[in-house]
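Shared chain: chain A. Partners: chain B in the first complex, chain C in the second.
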Partner chain A sequence: MLAYVAKRLSLAVGTVLAAVLITFLLVHAGSGTPGAVKAGPGATAAEIAAQNEALGWNQPLYVQFFDYLGHLFRFDLGTSLIDGRSIAADLGDRLPVTASIALFATLLSAVVGVLLGVTAAVRGGRLGKLITTGAGVALSLPAFWVGVIVVYLLAIKLELLPATGYVPFSSDPTAWFNSLVLPVLTLAVGGAAIIARTAAAGMREALGQEHIRTLRAMGTPEWRIRYVHALRFSSVPVVSVLGIQFIALFGGSVIIENLFALPGLGQAGQQSAASHDFPALIGVVIVATVVVVVVNLLLDLVVAALDPKVRTA
Partner chain B sequence: MNPFRTRDPLDLRRPSMMRTGVAVLAAGALTSLAACGGGSGGGAASASESDTVTIALDSDAAPNGYDPLLYAQGQFEFFSAMYDALFVTAPDGTVTPSLVSDFSNNADNTQTTLTLTDGVTFTDGKPLDSAVVKANLDRRSDPDLEAYGSLGPGQASEITDVSAPDPKTVVITWAKPQTAPENNLVDTAGVIVGPDGVADPTSLETTPDGSGAYTLNTDDTTRASTYSFEKSDDARNADDWAYDTIVFKVITDPQARANAVVSGQADVAGILDPTTIDLVESRQKTVSQGGTIVGFYFLDKTGAVNPAFGKEQARQAIGYAIDREKLVSDLHEGSRATSQFFPEDAPGFDPALDEQYAYDPDKAKQLLAEAGLPDGFDFNVTVLGQPTEDQVAVQAQLAEVGITMNFVTATSTDQLFAAVQTDPVLFNPFAPGAQPAGFVAGVLYGGFLNTQGAKEPEIEAALGGALGATGDAQTQALTDLNTALTANAWVAPAYEDFTYFGYNADKVTEPSFAGTNNYLVLSAIQPAS
Partner chain C sequence: MSVLPLDAADEVATEPVPPARRRGVPGFLRRPGGVFGAAWLVFIIVASLTAPLWRPYEVTEQDTANRLALPSADHWFGTDPLGRDLLSRIFTAGSLPLLSSALMLVVAFGIGLPLALLAAERGRKVERVTSRSTEVLMALPGTILLLAVIGVIGNRLYPVMAILGVLISAAVYRVMLGVAQSVRQRLYIDAARVNGLGSLRVNLLHVLPSMATVVAVQAAQLFGIGLLIVAGLAFLGFGPGEPEPSWGFMIQDASGHLFDAPWLLVPTGVVLALTVVAANELADAIAGKKADKVPARRKERLPVAVADTAPADPSAVLEVRDLSVAVDDGPQLVTGVSFALRPGTVLGLVGESGCGKTMTARSLMGLLPDGVSVSGGSIRWQGRELVGLSEKELTAVRGREIAMISQEPMVALDPMFSIAYQLVGPIRRFRGVGRGAARKIAAELLRNVGIVDAERVLKSYPHQLSGGMAQRVCIALALTGEPELLIADEPTTALDVTVQAEILSLLRALVHDTGLSVVIVSHDLGVVADICDDVAVMYAGAVVESGTAAAVLDDPSHPYTMALLGANPHVPEGEPVPLRLASIPGTVPPPGSWPTGCRFASRCQFARDECTAPFPALPAHGSGSVLCIRVDDLASTHATWDAEPVGAETVADAVAEPAPTAGVS
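And then the complex of A and B:
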């Protein structure tokens, strides 16, 4: 297992470094320069050149890259070209917003999806078809549309929850929870549908396995066969899908953050791209990449723990 | 013992762990829902406490930091919490001294003398004096300072000199006579940044330096998302402001912005998208302000770029080819179809002018034939990204009379701005303001909408009269100016757009606009009684 962990860890570090390099090169491949952004729209060519010189833009690319990496290893993402704020501090404020939405949406998707999927597989019949069909419909609903509907029903009509905004946990835990419910619900609808279909398929396959038939023949109680042995068998694909779900939810946060006016990473990425704030944009990409890679790593380890074959593959 | 029943400890724990987890989640959700129940619209998540006013904005008010001079007049709605200005626009539209206790203009309105208010201190701890006012106004040639757009070299309200004869007196010399010089120093254009901020403008990227009643609460502020201001009780004008805390929330999504005011997360929200006005009015109230004229502004009146535009009949044909009523009913409910440049509330507005270019495609074709263009003509309009719904709709209407409007996609805002030199026409919104003659002099006739320097004696004569006269004579001159602009087809407006703000009448009184401007007077927002 240790060798497996080491292998996955080195791959994760390599992925992050590759993402940093690609983002760095993409930014440098563009026609704009940070000096032009920093100097403002009315700047002369000489002022822009001076700013580029001061920012080190004219140094060889490899020097700039290793300089950037050096700062990165010290958790220094630099400062915004637009307003001089610390990018690390800004993203540090925003990461919990996006991460908590994606994490809770993934958890809710998992709980609801597994419950529905297992029920569909175990009960079968009309209920099973209803769940499968419902999951298909839920999968086809765009998240922004679901968001508009849940806001209208739960915030506007029933006045149960806030329609927009985010309250930090440190300010008011209850308000924090309330501010997350609608975005999480919105994202979880599609996620739960995917998990339900995956769990149902996995469970059906598991229940047809030879070792399950043998367990039945040995007189093992049915609940134990279903909810211990078969569920464990079907959990590997579910966990894999959960990982993909988390990444998709994390990446799809731009729309949800706009819809619910949440100060998250998606909003920061959108803004830094629009304002050509190169350091901020690279910072967003790196933070998002690190989160995705770490989550993937953790899920790989979970899958490996659930399925020994994975460790030896 | 059954050899197949391996007793993996996890096997036993998992079902119970799952049940426990679900129970905890469910309990948490129920507790939370109960805590916010009772129709509170979000309960504790709402920032609308009695001493706090929450305002939802449609865009980031400080995308480039806290130097107010970087921004246009409308940003004063936001910056007036932190910064004072020499003069401010009152809700009734009058220009009122703020950092000025007294002022006077010389006989020909070429020199203004200001006496500064006593007891004003900036965030940096330094007092207001004439040196800091001069230091601010001496930044006017910086092209990045949008607030000084009309005060810089070569501009309509150019300042040629600022002197500080004593600590309390500032003398401003204008390049040419101004109708009302003090109007050039109002709101954002008149904001005074503290000495430290002026000395090091980059410090303003993160640290405001104003003398306003509020200071930025950096702990509760997330750039581009939430800005929180706390009132300083020792501020000079603290009593003029009702709230201890002002929170601005940036909500760019139109539906979310409307939802915020409907469900109580915001006390005031604007600018509302027209499609959300019904929703807001179903639960809360709205207040609106006209004054923005959307339509064609002809740049190439000499025909240097596209010869067709040098012919008055061709420009008039465009005016007749636009079905304004359809445009408004299909896309801009709440707006007003118009074919004149002056807003409904502005002096010089003439209802009869709106009939002059009533939709008449046959008339348009006839004018094109008279212009020697019986088969119509083509022209380009530069857009950033995709053309707007308006532009697409107008494109189809023009096509019906044989005029082909092509969209050229700009890849940057620089390219878009440069298009005023290469496109024959702009399709844009412009707000002439309370003094349309100033806008005509500085932008439409003497500014960037006429970089070719086209001349029209009728317009020039009327403009001279409007700038030089007062009272009824000025109103008549403004009407003449409006008529001349319409008749000579220097513009082909489509509709007058209205700016809507939503507000929660249970929490705040009706917000007031700054005169005819489409931004609010922040200090005038008061708690509902």
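And then the complex of A and C:
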């Protein structure tokens, strides 16, 4: 177990370092320079060169890289080329927005998906087929299209909720909650579909296992066979997919935040990409990678807790 | 863009599929989803690539009088806020996402596939390096990283998608490595190597074709994801700029006109969604996933006409008469099986694979597989008819009166729960005791089945036990309800020879000490001779000979029993070892192809013309029976099943039962 955790931890650290290295090299491989971005359009070559010199762009690559790593260890991600704000502070404000959307969407997907998937596997027949087919379609729908339709139906037609915008939790919890409902619903459509398919396949596989026949031969009540033994058996794949889902939703937030005008990480990523704000871009990638890595670590722990084969290995 | 490439890797089956050599329509086109997927993809690709040739309007042509128009004869899909024709724009916009997703696929498979083949071939060291690097690559947040790429190189979608292909190649590698490794483990790859084929040729001729299906499935899924990503990027404004049309931006455009022209949302969204759905449906169809492969609800068994209810043998605790088991709307698996079990004795059901032994045994508890049911006859248990009981009534019998142990102890226990949990539950249910008392009983049961360190085993999980230990736990589990009948389906087949003897002596001790009755299913005549009081020899779904074990084994009347005995390599002590073991030519005919008359006739040394006519079972061995029309001829001539001069080397086939094949055993 200890070796398992150590291995996972080293992989996590390696992944974050790889993300830093890849984005760092990517920025330096491009034709643009931070000086040109900072000096703005219409700047002369001399102005750009002066800016690059000030930013340390002309130093050897390894010096810049280790300099960056040194700052990173102090949680310093540098300042934006566009408006000079602290990137770490900015992303620190944005992370909770994206994290809460991804978390709520994952939880909603989990509840709806497991209910649908288990129903499909246990009930079978027409209902099962309907759920499986419906999930197959739902997971193929583009999230931004679903989002626009959700806005049209719930915000414009029924006028239930605000269409876009974000209210911080600290200023008005109810308005905060309302501002999250539509984005979370939008993301949960595809998420629930994937979970439903995983849960249905897992339950079907579980119910076909030899040990389920042993339980039947022991006269175990059917509800116990299904909802204790088979459900537990299928929990490992479902939890694994849930973790992947959370990470995917984190990525999907770029589009959702654009659609619903939410000040999250994804929006920062989009704006930095559009304005070629290199340090901000690297910062967004690093923060997102850290989130992914931490979620994966937690996921490994949950799987270990669920699966005795991993736990006792 | 809401879907990372990661989960595609998880949905693909990693089972390699042997290269198909069938001609005609590929399998996936026989499924409705596959037909739809393939047809729509072909249509959208052709229509998009040829759009400049047939589109009714130029993409920038503005019909200012008809802004935001609904569909009409002039504009089939309507018009956008500038009065441009949606049909022309949608199909013109298609070629970029379709082609750039294809480029992404080429890059992803171009890197991932050779890497997987290489890692599978070169073994642990190479595999470890590549696998670790791809794990890191897969843990990176793909979508966000893509934004960074765009921030550096700009809105150039082809290079951006090629870089996405590099990121996705990690997922391709992971799936393909699993397939390549299991293909390589197959013997014919080794054979090809021995035959001197070069590494490249082995990969091209043998490994790759076996991976074709998995490649196709993953490619179709990733294609759909690629489309979503291109459209998502365009939605964010990272696509071809106005006035060039793009799916994502057209939906972005539509989201700004929800109040005045909600229709605008429909055509582009539907075309994009249909294309992604088509890719996924195609993937599912190629993978052979059937949406309708949903097991039907366990339905209540139909009441079966019970023939004659008067017990023929009042001393029998279990009496089976004329039992037939059949696939619903399909062939018979077991016909006219009759036997009786006296209390405190052991009855053996013997025969080769596919003779219906296991089906007969499982029908005793109403535990037949889905789609198989008792089609006639009677099973009387302690004077009560079990055939036709509802699932609920049978549940009350199972475990409490009749228990079962199965062939493979290692998979018979729930891998997710500790042994203690699995024993305590039934003990509390059957004996109505508290948790603490149940745990004490569990430990005692384990000690009764010969487990010395019961406390340690109670804390263990099934995967921590050896096969013999697991079978002991299974027997203890079966005893939790203090049943009077134990059905043991090949209880020793999966175990080592030394352990087999221990388990058999444990069963014998249980019968002796507790008065348990046992029905044991076995293909091993040694087991039968060792433990059984009575025996019923089954062949092709029927009992061909029954009686006391001593009578049947010492003085077999049916040629099949003689043949089984002749083919048995175990020789009783003191008797001379035969020079050559006998063999039975041919194999058991599968259900549905049984001949009329004697089903063994085609493999029988003594078959005559009269054997092909139907005939009844004759009494033999006291209370037993024999199903052979020539039984008197054979007895009078003292016929024995002789070792055949040729083909004796097939003897192993006759008795050694391989892993049970699908369905009937």
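Before moving on, here are some points about what is shown:
Everything below uses one rule, namely that the second predicted complex is superposed on the first by the 308 of 313 C-alpha atoms of A that agree within 3 Å, B and C clash if a C-alpha of one lies under 4 Å from a C-alpha of the other, contacts with A are read in each partner's own complex, and residues count from 1 in each chain.
Going forward, a residue touches a chain if its C-beta (ideal position, glycine included) is under 8 Å from a C-beta of that chain, and two chains touch if they have at least 3 such contacts.
Everything numeric here is computed off the predicted structure, so don't read it as measured data.
After superposition on chain A, the partners chain B and chain C are seen to clash. Of the two partner chains, chain B is the only one touched by A:D93; chain C is not. By the touch criterion stated above, A:T119 is placed in contact with neither chain B nor chain C. Once chain A of one complex is fitted onto chain A of the other, the partner contacts of A:I156 extend to both chain B and chain C.
Which of chain B and chain C touches more residues of chain A: that partner is C. Legend: residue contacts after superposition of the two complexes on their common chain; A:Q64 is shown touching neither chain B nor chain C. By the document's definition of touching, both partners, chain B and chain C, reach A:V148. Judged by the touch definition given at the top, the superposed model places A:L11 against chain C, while chain B stays out of reach.
Judged by the touch definition given at the top, the superposed model places A:A175 against chain B, while chain C stays out of reach.
In the superposed model, A:M218 makes contact with both chain B and chain C.
On chain A, the patch touched by chain B and the patch touched by chain C overlap at residues 148, 151, 156, 214-215, 218-220, 232, 258-259. Residues 40-43, 82-85, 90, 93-94, 107-108, 111, 148, 151, 155-156, 159-165, 167, 172, 174-175, 177-179, 181, 214-215, 218-220, 227-228, 231-232, 258-263, 267-268, 271, 275 of chain A are the ones that touch chain B when the two sit in their complex.
Taken together, the chain A residues at the contact with chain C in this complex read 11-12, 14-15, 18-19, 22-23, 26-27, 29-30, 32, 120-121, 123-125, 128-129, 132-133, 136-137, 139-145, 148-149, 151-152, 156, 187, 190-191, 194, 197, 204, 207-211, 213-222, 224, 229, 232-233, 240-241, 244-245, 247-252, 254-256, 258-259, 265-266, 269-270, 272-274, 276-278, 281-282, 284-285, 288-289, 291-293, 296, 306-309, 312.
Those residues of chain B whose C-beta lies close enough to touch chain A in the complex are 2, 4-5, 11, 14-15, 21-22, 25, 28-29, 32-33, 35-37, 39-47, 56, 60, 62-65, 142-144, 202, 205-206, 222-226, 249-253, 255-257, 259-260, 262-266, 279, 283, 413-414. On the chain C side of its complex with chain A, the touching residues are 1-4, 6-7, 10-11, 33, 132, 135-137, 139-145, 147-153, 224, 228, 231-232, 235-238, 248, 251-252, 254-255, 258-259, 262, 265, 269, 272-273, 276-277, 279-281, 284, 291-292, 294-298, 365, 367, 391, 395-400, 403-404, 406, 408, 411-418, 425-426, 429, 461, 463-464, 474, 477-478, 480-481.
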